[in-house]
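Quick notes on the structure that follows.
Labels run A, B, C, D, E and F following the written order; every chain starts at residue 1.
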Amino acid sequence: MLDLPRFTAAAVQAAPAYLDAAKTVAKATDLIAEAAGHGAALVAFPEAFVPGYPYWNWTMNPVAGSPWFERLYRSAVDVPGPEVEALRAAARRHGVTVVIGVNERGAHSMGVLYNTMLTISSSGELLGVHRKLVPTWAEKLTWTGGDGSSLRVHDTELGRLGVLACGENTNTLARFALLAQGEQVHVAAYIALPVAPEDYDMADAIAIRTAAHAFEGKVFSVVSTSVVSPEIVDAVAGDDAAVRTQLARPRNALSGIFGPDGRPVVEPLVDDEGIVYAEIDLARCIQPKQMHDIIGHYNRFDVFSLHLDATPRTPLVVTGRDAELPAPAGEPAEPEPRS
Amino acid sequence: MLDLPRFTAAAVQAAPAYLDAAKTVAKATDLIAEAAGHGAALVAFPEAFVPGYPYWNWTMNPVAGSPWFERLYRSAVDVPGPEVEALRAAARRHGVTVVIGVNERGAHSMGVLYNTMLTISSSGELLGVHRKLVPTWAEKLTWTGGDGSSLRVHDTELGRLGVLACGENTNTLARFALLAQGEQVHVAAYIALPVAPEDYDMADAIAIRTAAHAFEGKVFSVVSTSVVSPEIVDAVAGDDAAVRTQLARPRNALSGIFGPDGRPVVEPLVDDEGIVYAEIDLARCIQPKQMHDIIGHYNRFDVFSLHLDATPRTPLVVTGRDAELPAPAGEPAEPEPRS
Amino acid sequence: MLDLPRFTAAAVQAAPAYLDAAKTVAKATDLIAEAAGHGAALVAFPEAFVPGYPYWNWTMNPVAGSPWFERLYRSAVDVPGPEVEALRAAARRHGVTVVIGVNERGAHSMGVLYNTMLTISSSGELLGVHRKLVPTWAEKLTWTGGDGSSLRVHDTELGRLGVLACGENTNTLARFALLAQGEQVHVAAYIALPVAPEDYDMADAIAIRTAAHAFEGKVFSVVSTSVVSPEIVDAVAGDDAAVRTQLARPRNALSGIFGPDGRPVVEPLVDDEGIVYAEIDLARCIQPKQMHDIIGHYNRFDVFSLHLDATPRTPLVVTGRDAELPAPAGEPAEPEPRS
Amino acid sequence: MLDLPRFTAAAVQAAPAYLDAAKTVAKATDLIAEAAGHGAALVAFPEAFVPGYPYWNWTMNPVAGSPWFERLYRSAVDVPGPEVEALRAAARRHGVTVVIGVNERGAHSMGVLYNTMLTISSSGELLGVHRKLVPTWAEKLTWTGGDGSSLRVHDTELGRLGVLACGENTNTLARFALLAQGEQVHVAAYIALPVAPEDYDMADAIAIRTAAHAFEGKVFSVVSTSVVSPEIVDAVAGDDAAVRTQLARPRNALSGIFGPDGRPVVEPLVDDEGIVYAEIDLARCIQPKQMHDIIGHYNRFDVFSLHLDATPRTPLVVTGRDAELPAPAGEPAEPEPRS
Amino acid sequence: MLDLPRFTAAAVQAAPAYLDAAKTVAKATDLIAEAAGHGAALVAFPEAFVPGYPYWNWTMNPVAGSPWFERLYRSAVDVPGPEVEALRAAARRHGVTVVIGVNERGAHSMGVLYNTMLTISSSGELLGVHRKLVPTWAEKLTWTGGDGSSLRVHDTELGRLGVLACGENTNTLARFALLAQGEQVHVAAYIALPVAPEDYDMADAIAIRTAAHAFEGKVFSVVSTSVVSPEIVDAVAGDDAAVRTQLARPRNALSGIFGPDGRPVVEPLVDDEGIVYAEIDLARCIQPKQMHDIIGHYNRFDVFSLHLDATPRTPLVVTGRDAELPAPAGEPAEPEPRS
Amino acid sequence: MLDLPRFTAAAVQAAPAYLDAAKTVAKATDLIAEAAGHGAALVAFPEAFVPGYPYWNWTMNPVAGSPWFERLYRSAVDVPGPEVEALRAAARRHGVTVVIGVNERGAHSMGVLYNTMLTISSSGELLGVHRKLVPTWAEKLTWTGGDGSSLRVHDTELGRLGVLACGENTNTLARFALLAQGEQVHVAAYIALPVAPEDYDMADAIAIRTAAHAFEGKVFSVVSTSVVSPEIVDAVAGDDAAVRTQLARPRNALSGIFGPDGRPVVEPLVDDEGIVYAEIDLARCIQPKQMHDIIGHYNRFDVFSLHLDATPRTPLVVTGRDAELPAPAGEPAEPEPRS
């Protein structure tokens, strides 16, 4: 008889040590320890958590923001690199699966920063390095988009685990590309966004998308969002009252865990720092699949055929018998084994 | 300067004259008149409205339900046919665009019933005949699935109009196939479903999907659901108290209009008969597209490529110089011109 | 509410006036009158009934049979021609639909005889001229195969009517080509075949195929077979005792009417002359379609696609502005209007 | 001179150890041993034999049947997996070719169960994994349809071997798709169906189809059907007298071996458990082909052209230079080599 | 019972009154009378009989031959015109079908002469005006080729009658274009050709082609060839001994009647003037068709499809609502009725 | 300067080792050696040489002939297969081009035998596998017709080489289809036919057709016919005196080589076993083309357009991404590259 995973998930809602990668990683390892202490087997962190989100794109013009780009570039992390090593060690030490967002420095160009989600197994293996495909609106001033090679679901002892960053959860096709790989547990990582247009309620916008993905796929969805700390406000707004007001707007963050019926398993956390815990029992996904199984009997793959081009896109493709040039693009130096 | 449509939409929540196509069409024309009287330019009706939904599939075993199949087959409508003519005349008379669900009799086989959504222009033209791709769970006992040829968005004076039936709104790929054609106004037609498993809250399940489609696509979404009338309860349950209880379960229907931020424009109507009216102003869709435009700058068509096979699937493909054999499958007699 | 035809069908089991077209047509019109007097609305005659079947192909070698070919060619019928006119008049006079097999003389070549099934409407219209696609074994010595242009189901007041000749009922694809056009009443015309190999029981072979077509398609199947009369024995066998014995072999013919469950509606008639009557009620076909509807929900036209090339195959294709050359092939002069 | 296979076939009529895959496989291996002891070279088992047929779909409504779905899902088998290994070992050990039906768990989705026929060579190779294309009527509540990729005839030392599950034997086109590949020995696997509508005689319905396929194709057809054991009655009906009566209806199963003339080689077995043995001598198929060879001289491939789309239908098609994402759909992990 | 024509055919081997149309027509009417007196129902004359063949093309260079062109142009006939009227009167008077070759003056241009075969019915109707498609070798210096509009078989009381001129009988496709129209009696008209290259035996070349057409089509073939009279030698060669020798070469002409087995019915006539008579019994064509019927059972019109473009080719095609310009090309003024 | 092939051709007139493929191939290889020893570069064998012609179709009725069909099926050859390998080896060893007729067993059906002409290059390559399109009269009882895919002319060092089997040389369109591909050397393979109707002189019938093809196309034509050996008479006639007399009829075979003027290059051989040798000098074909070039200046492709449908006709057309089903029809395993 089939046995399905059942475990506790932790959705972290927290602020980084702004633009300080080492300190943020230290805070993350503490939070991993705390969550593991509460029995969590999966700990999800926000998008761009290490070392924080480039709010200046939303509050000043691009030329004024230019020195901030350099500051972020200098404080970003290499993959692999010491920050990643520290996170892998924490995961291994506590035996938990960790998903966390980082600003990844492009190895091949000083203009390249990626908004990258790392997935680390409970034995400390770096399972996934997913670079956000399209930065959202003002984020285009900072980040370079990734390619299709990282849209992968990972087979873990907690089930088949997939990750998308922020606005990617709006992208119907990106979401389906994960569901189609048999995703069972989805992690959606967001940042607090008090700076969006006024009628944009970030908490609602997160909840709608999390519910939809869970309902459509009959999966559990863990959502983790960052928090705008006073430190961030000081750093970004300084004395500018208008920006301070803007950054103080409520309902800018929501974290929690949603079930396969599209409803939250426990009450989500809005705006405040904290960890939301809930039980994930994959057996709860079987019976709802009878109603809709959009990767099975409830779809029509004779009618719809979604192609995912997983080609890694590098600035140069070297071919030929003796193509031993140094790797031209910022491929992770330790390519993860594809299972 | 671009002028974008702005108009009143009406979402009808009503019960049919059960298994009586002529009477149901008469009721529908009355409701069209009423909605037009309130200024509506678009009137959306529930799925399978003419002449009603096969509840017996959920309340009895298939063999017991077999005579009910014949009853529905005999009372279903032909497309084209007198019922469709009456609906087209009503649309033309009142100058409103109408979307309505019918049980369509397959012209070529006595085993074929389609769950079909008709789209009728304000001049009475039959714009679309969309046959639901996959019947949902117990519905598979009654309906034959359609093919990809009808997944089309229609250019109307109200904007680009798309329609999906019930559980199709769960299908990420079907939804994207409409959005990708530039859909601006979506109609989602449902039936009241008190008979689903106990933990399935149909009102919630409708709201989650309507919100998600509107938010992902930055479109307006009009949702129309049928009602379980006492007449239906008597017909289907008879004296069976358990079935009567089952059919009386609340939160089985929700109708309303949702905006491009994923939130309802006006309060939705739950369970009761009535018409929900709201203003649709397509200009409201422009600015949110800056944040996410999943059919534009916010997608990656180098990475994702969704193929829609629009081949009409007929039991026989006739070729040859004088291939004038009678059309083997029940293709709509008035195919709309492909723009 | 849908009304479906309900009527009496007559399956004629009879011998022709051998190699005398005029006399055989006179016998046929008498039988039409008799069946109409018993209330029949559909009268089915055997294959090659006018003026009989070329048994010599089975009892002598081809060269010895050669003068018999000339004899059959001279006594065959033209379509149109006086024999067809007489049959049309009888159908019109009695208001019955008639299906009958004839030896059709090819208008363009003295080497061409077709094994042709005529379908005549109750108003005397020549609905169909179907030329058997492949003559069976020894029949190849006499008949030329037809083309795909005549594989048509006819819309009549008795339902959608299709016809196949003898061994064509073994051809899975020919059978499906009719079912796919919505066939509801099938006529299978056979000849008595005492001359087949010893282990070939013609009555069984007819029953197996009739049952299968009715069961697969959920249709009614009317089967009509000819009889080997003493006159035929004298003509073909003369004093040859071995051939006389061969022609006297029992279980060489079966006529009757089978229902959509694959079972005979009334007891079939074996070997003897007579008319089998049974009621055909098309409403009986609806419920069985829920189990299997191979032209609807129970097939997969994304997987299987049967193409029928309906090109008329003529020895010469004449084109050009004034292409009024005499019709090169023996097309029926009164082509039925293609609806 | 050509030598054609001649061997003993065994058609098993038996009940599974209901919903217990391991015990059912043990019973199957015992039956393989028994049949091999009687000289059988081919052993055919019923459809869905491991671990049994979902009768609840026919005896209760879908929602009530929902927990049964989960129970079947949990007790189904993976392909490959330990149950398949055990069957392969038994085939290899006894040197017999085995065809057996299983409930296959979809690797990629918890809503996917396939009704799968496994073909295992006498050396233990897994030759074929055929997923039933369309579940029949109430079965649609449980099984997902397969695609065209598995409609294959296998070259074995017993001749060219093809398999269809239950109602697929009604599908004219599915049958022809096997015949067209040169099928010589057909296995038709059924389940006991006492629960069909009253006028549906399952034993007759099996015999008609088996006879037709054998006669049309001039092939041998081995038909194997399951039995409703008291254990199954207890499990499904419990104390419900009506359901107990329903399940006790006679003439619900038939197993046997039919020859190329469409007649059974030995008396078929109706309802009771047992093994039917008969000799299959492929040389018997040559002479009947002179009368009708529907894949040769007796068809018209200029007129009829059957296309089989063998595309595997997966939820996601991954492309690209390093497209090593995890296989998105539950393809068999050990794909048989395509010759 | 079918009755087939049986009659006497006459193949005329004769010389014209060289370059004198009126006298040649007078000679022809005398020969018609003579043949009719011998019971002939069909009288075939040579190619270009009225008023003779342009031998100068073969015996002098083109510039030297130029005045001869004018001479022929002036002595050619108009169709219709007095010479044709005289021939029609003779046919009507004697009740015989006549086929005769003429030099036809192009009505629209003084550079146009056609090598034209006239077919005149026994009632004097001008059935066919066939212009040789391609003049042969040196003939290209004189004649303009015709178009496909005249490649017609005529329904006469003698059977279906076709005609080709000289080298057209070498053209496989031209021959088949007539056979395909059901040709039963073929007329091949030639001229005496002593002027061909030395190894070209004209009598053999005629016999080979006549035999082949008769054998391939199982038709009767009537071949008629002209004779080189002393008058022609004097006119063309004058005192040139070499040319006189050339024109005196034997085996330059052959006339006769061949049967459907490809063999002459009576001994052909070589070189001398005279009339060959033979009986044509179309019933003799039936039995050989069993062996080969290349327009029926012995061809494959799914594989071969011969298209004949019968468009009349005129120097100007006038279109438009009021296209009442004078007929631009030399169409016969009395277009024959197309039956 | 163009150099045209000039070589010796050998037309073999011989009997097979009846119904023994291995022995017949051994005899063929001996004859190849003998012909090569006489300087032949092209060796043509009769139709159906391996392992002989089914005379029983002409001497007994079809049912009596049925066991003979099985006997021929069992002794026929597979293409490719050991017999073909032996022939290829002999061609390669002696450096001669070989054309030979075989009974080819259809790989996909036990009812399929093809009358196949193999063309083997002097390097042993299997250039062509041409299956006779329409079996002639009584042959229809044995052979299945081929399709248009094999009507190909092969470019060899001896010129462009085409092949037709027996009655195909009667088919105007088949002949033109080869000429149109630039055929220069034609091989016509026949069988001795003493069994045709009495007035059918096979030697004449062969000569007429060979002459016609050579004359029309200005090609060389090599004709090879089989011989009725005493062994064949004993096998087919046994003690039946009438059949023995029939098989002894003279003028049943003719072999030889014909030139582009339609006349034999050397005296043909009638009835007796032997090899006819003659020189083929393709340069002799140039000058006659000035008179008639029916694939060039002497045809009118604006008027005539012959279409050849070269589609291979298979019982099943498999499509799809991984359409690696076993080839359904017995396509030759070594398809020649299409130049």
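Definition applied: contacts are C-beta pairs under 8 Å (C-beta built on N, C-alpha and C of every residue); 3 or more make two chains touch, one makes a residue touch a chain.
Heads up on the chains, UniProt names are A, B, C, D, E, F = Nitrilase.
Keep in mind it's a predicted model, so treat the numbers as computed, not measured.
*Asks:* Based on the averaged CA atom positions, which chain is farthest from chain A?
*Replies:* Between chain A and the rest, the longest centre separation is with E.
*Asks:* Equivalent interface to D-F, which of C-D, A-D or E-F, with over half of contact pairs matching by residue number?
*Replies:* A-D
*Asks:* Please tell me whether the contact surfaces of chain D and chain F are same or different in residue numbering, using the over-half criterion.
*Replies:* On the two sides of the chain F and chain D interface, the residue numbers are mostly different, under half being shared.
*Asks:* Per the definition at the top, count C-beta pairs in contact and tell me whether E-F or A-D has more.
*Replies:* Pair with more contacting C-beta pairs, E-F versus A-D: E-F.
*Asks:* At what distance in angstrom does the C-alpha mean of chain E lie from that of chain C?
*Replies:* 46
*Asks:* Using mean CA coordinates as chain centres, what's the chain C-chain F distance in Å?
*Replies:* So the centroids are 38 Å from each other.
*Asks:* Where the CA atoms of chain A average out and where those of chain B average out, how many Å apart are those spots?
*Replies:* Each chain's C-alpha centroid was found; their separation is 36 Å.
*Asks:* At least two partner chains per residue is the criterion; list those residues in chain F.
*Replies:* 62, 66, 137, 141, 145, 147, 196-197, 309, in rising order.
*Asks:* Name, in rising order, each residue of chain A that touches chain B in their complex.
*Replies:* 133-134, 136-137, 145, 147-148, 151, 167, 170-177, 179, 196-197, 199-201, 204-205, 208-209, 211-212, 215-216, 261-263, 287-288, 290-292, 294, 297-300, 302-309, 313
*Asks:* Using the touch definition from the top, list the residues of chain F that touch chain D in their complex.
*Replies:* Contacts found on chain F: 62, 66-67, 69-70, 73-76, 105-112, 141, 143-145, 147, 309, 313-326, 328.
*Asks:* In their shared complex, at which residues does chain B touch chain D?
*Replies:* Residues in contact with chain D: 57-63, 66, 137-138, 140-141, 195-197.
*Asks:* Which stretch or stretches of chain A touch chain D in the complex?
*Replies:* Where chain A meets chain D, its residues are 1-2, 148-149, 151-153, 155, 176-177, 179-182, 184, 218, 282-283, 285-287, 289-290, 292-293, 295-299, 301-302, 305-312, 338-339.
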